[in-house]
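Next come two complexes, and both contain chain A; in the first it sits with chain B, in the second with chain C.
Showing the complex of A and B:
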């Protein structure tokens, strides 16, 4: 069953096209890796799907709701972790989480906060001010705020950006557990194919606003080695296009 | 909707109470409130001491008729007249900072995408921000009211009646409306100006224009006299053709003058025999109150419009 349906999606910043006629379906229960270099249009896509940005053409549906006409329902069903997640530094982790939980209409806030902190194995930090947190710790609280209201779909924009190897490993485990234990569909932007190979069930590759590749991880790994780079995929796509021509 | 606005408003107040800039301005404002009452008391006791000394000199000189006690005819609330100046000057700046910080903080910290990826509408968000600002101003003025009322207990010979306490309460109510206008101004420019410094500077320039330039154009007063709004209200207005024309055209926009006129009447410095209680003073001067309210509605609408046009994903503060 599709959880994300994108049909002819386009977006322009002035005269510059960021997305061109994007068509994509993400099924329920998938961990979808959205690959592409910087400026490919990945963040624009996430911004549209999270209703932060309105597309200039096409339609998008998340959890069965239209991102424009039913934006409130979309937001009730999603969690979002931006690339550089920021919080109110003067407030404690608990106060920040409580604030975002209230905005999502969560009841039993204290119980839910400790539940997510337990899930993330992050108890004991709740009374620390966010200003004292490292990048990795912020990222975990970022995930906590994104899942506290139990969304159907979780959007992660470059979640491993700026993390040390241990932090990346921990985050990878959390993403897999969220998918398996909490049944969340995960849409993840990244530019690391190697990262996707260890986490995702299907992938899409975006280049200059065009979707140039979309398949399951299983099929992809048959075509490319897990250490392949994005360039390898681009090369493959170009060669395939030439063959078709 | 109300729950989200309430959540945003409480969060706003909570963060503000932990910010050093706000706490510093609040401390200065409190200190000035205390000194305002002290100056009022000091003036009153000095005048009374001179009067008593004069009386003893007159008695020694064998006079039988004495002039009346000058303090007797001064309304009790007149000891707070310096508060008009402090709210006019320091209070307005504090209000601009509160409004400015309210949105600039969100832009700088980058929490807006997290907020707007939740079921929070833009009108709810700006409603929450404005409610938070109102809470902050109410908090500041409630403390100021308490400090004023308590300080007055320590002034010898000054006993405020219930009607006077009510008038003092309404004076702080009018101050709240006046300060809210400037907070909305600070909030408005923090939404649509890209540069943080300009977002603070422009409302301050507008405040200068509203507080000094407009009253000068409408009254023809000496610019130095304009530093004290009590002087402006109590001095005769210039009757030159230009000033009459400017007064007719610009007076409705002179927010500071509306505040000053209402305050002077509420504190009894400008006497109105037909008005005894706070509400009756306000009803006699309702045109100033309405113009103050209209400016609030205009700024509320401008803030809602500015936020509706604000790009969450393309914002880069400089």
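Showing the complex of A and C:
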């Protein structure tokens, strides 16, 4: 069952096209890896899907709701971790989480905060000010605020950006557990192919605003048996797309 | 989540954030300090005037004359608030600007706007919550000043306020509240409007400088009545009608001067509050109906500015204005 349906999506920043006629379907339960170089249009896509940005053409649906006409319902059903997530540094982790939980309509705040922190194996930090947190710790609180209201779809924008190898490994495990244990569909922007290979169930490749490839990871690896790694596949897809153009 | 819930959550956070903000606390302390000093000076001055009268009365009685020979002077304790009103005009406006700027800048600058806007809350909850929370904060600051005035004037000046005086005091603070909320909304809408936050702050303070400090000062300097200490017309012993007739001879000059003052929200606020508190002598002993009949235009301007600021803040709210990067 599709959880994200994108149809002819386009966006322009002035005269510059960031997205061109993007068509994409993400099924429920998938971990979708959205690949592309910097500036390919990945963040623009996430911004549109999270209702932060209004597209200039096409339509998008998330969890069955239109991102423009039903933006409020979309936001009720999504969790979002932006790249370089920021919090109110003068507040504690608990106060930050409580604030965002309230805005998402969570009622039993304390119980939910501890439940999420337990899930992330992050208890004991709740009374620390956010200003004292490292990048990796912020990222965990970022995940916590994104899942505290149990969304159907979780959007992660470059979640491993700036993390050390151990932080990347931990985050990878969290993403897989969220998908398996909490049944969340995950849409993840990344340019790290290694992450996609270890985490995602399907991939899409975006190049200069165009979707040039979209399939399950399993099929992808079958389709390109001669390619040694996912990096090779990516290179192959990009070259093919350029030739077609 | 209901809109009203999000509205309250945002409002509560605004209040809590501001009371922890060092800049805001410093400005409020500064304002309270200045108001306190001006009130204490005025209250002691008032006390000494009363003491002087009592002493004179005593001397007359001791000399065998009757006290009735010394006409009892009229004291207007609310006139002591001139300094307080002037500080509210200037520093109160700065507090409004700082609060309005911070309300948006803290989300825009730290990029917490992304997390906020991905929640199911609309522009009404976001902007409305910020206006409501900060309005409560402004009300709290004014409430403290209000209490301080009552305690210091009645405690040190030994003045018992009449019910009408208390009502006038309350109205003056209501107008001050509207004036400060206008500056809050004004700075908020500028911070929403400009992509660069420093630009918003520069424009806000430029407007403050021109319309709060410079134009009213020019207007005052050009006022013929201000050319002589104690008032030109007063020193010439002219009646109100005579004053009007003299001013009518300089109509074009007076219209220009008035138009300049009319452009300043501060001047409307000052005229309104000075009349309400009787700081302008001609409004002493006058009832509220007389004051409002004469000053309804200023009241409409002050309320109009504030409502316009709030409406524009709602109108300017757009996700793109809060997000720093695409």
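Simple rule for what comes next: the second predicted complex is superposed on the first by the 224 of 245 C-alpha atoms of A that agree within 3 Å, B and C clash if a C-alpha of one lies under 4 Å from a C-alpha of the other, contacts with A are read in each partner's own complex, and residues count from 1 in each chain.
As a working rule, a contact is a pair of C-beta atoms (placed from the backbone, for glycine too) under 8 Å apart; a residue touches a chain by one contact, two chains touch by 3 or more.
Every value quoted in this text rests on a predicted model; they were computed, and no experiment measured them.
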For the overlay on chain A, clash or fit between chain B and chain C? clash
Touching partner for A:222 - first (chain B), second (chain C), both, neither: neither
Tell me which partner A:87 touches in the superposition: chain B (first), chain C (second), both or neither. both
Given the touch rule stated above, what does A:47 touch, chain B (first), chain C (second), both, or neither? both
First, second, both or neither for A:123, with chain B first and chain C second: neither
Counting only touches as set out at the top, which of chain B and chain C does A:103 meet: first, second, both, neither? both
Could you look at A:18 and tell me whether it touches chain B, chain C, both or neither (first, second, both, neither)? second
Let me check the overlay on chain A: which residues of chain A are in contact with chain B and also with chain C? 13, 43, 47, 50-53, 72, 75-76, 78, 80, 82, 84-90, 99-100, 102-105, 145
Applying the document's contact rule, which stretches of chain A touch chain C when the two form their complex? 13, 18, 43-44, 47, 50-54, 72-73, 75-76, 78, 80, 82, 84-90, 99-100, 102-105, 145
Contacting residues of chain B [partner chain A, same complex]: 3-4, 7-8, 11, 14-15, 18-19, 105, 109-111, 113-121, 312-314
Which positions of chain A touch chain B when the two form their complex? 13, 43, 47, 50-53, 72, 75-76, 78-80, 82, 84-91, 95, 99-100, 102-105, 145, 155
Chain C residues within the chain A interface of the complex: 1, 5-6, 9-10, 13, 17, 20, 106, 110-112, 114-122, 319-320, 323, 325-326
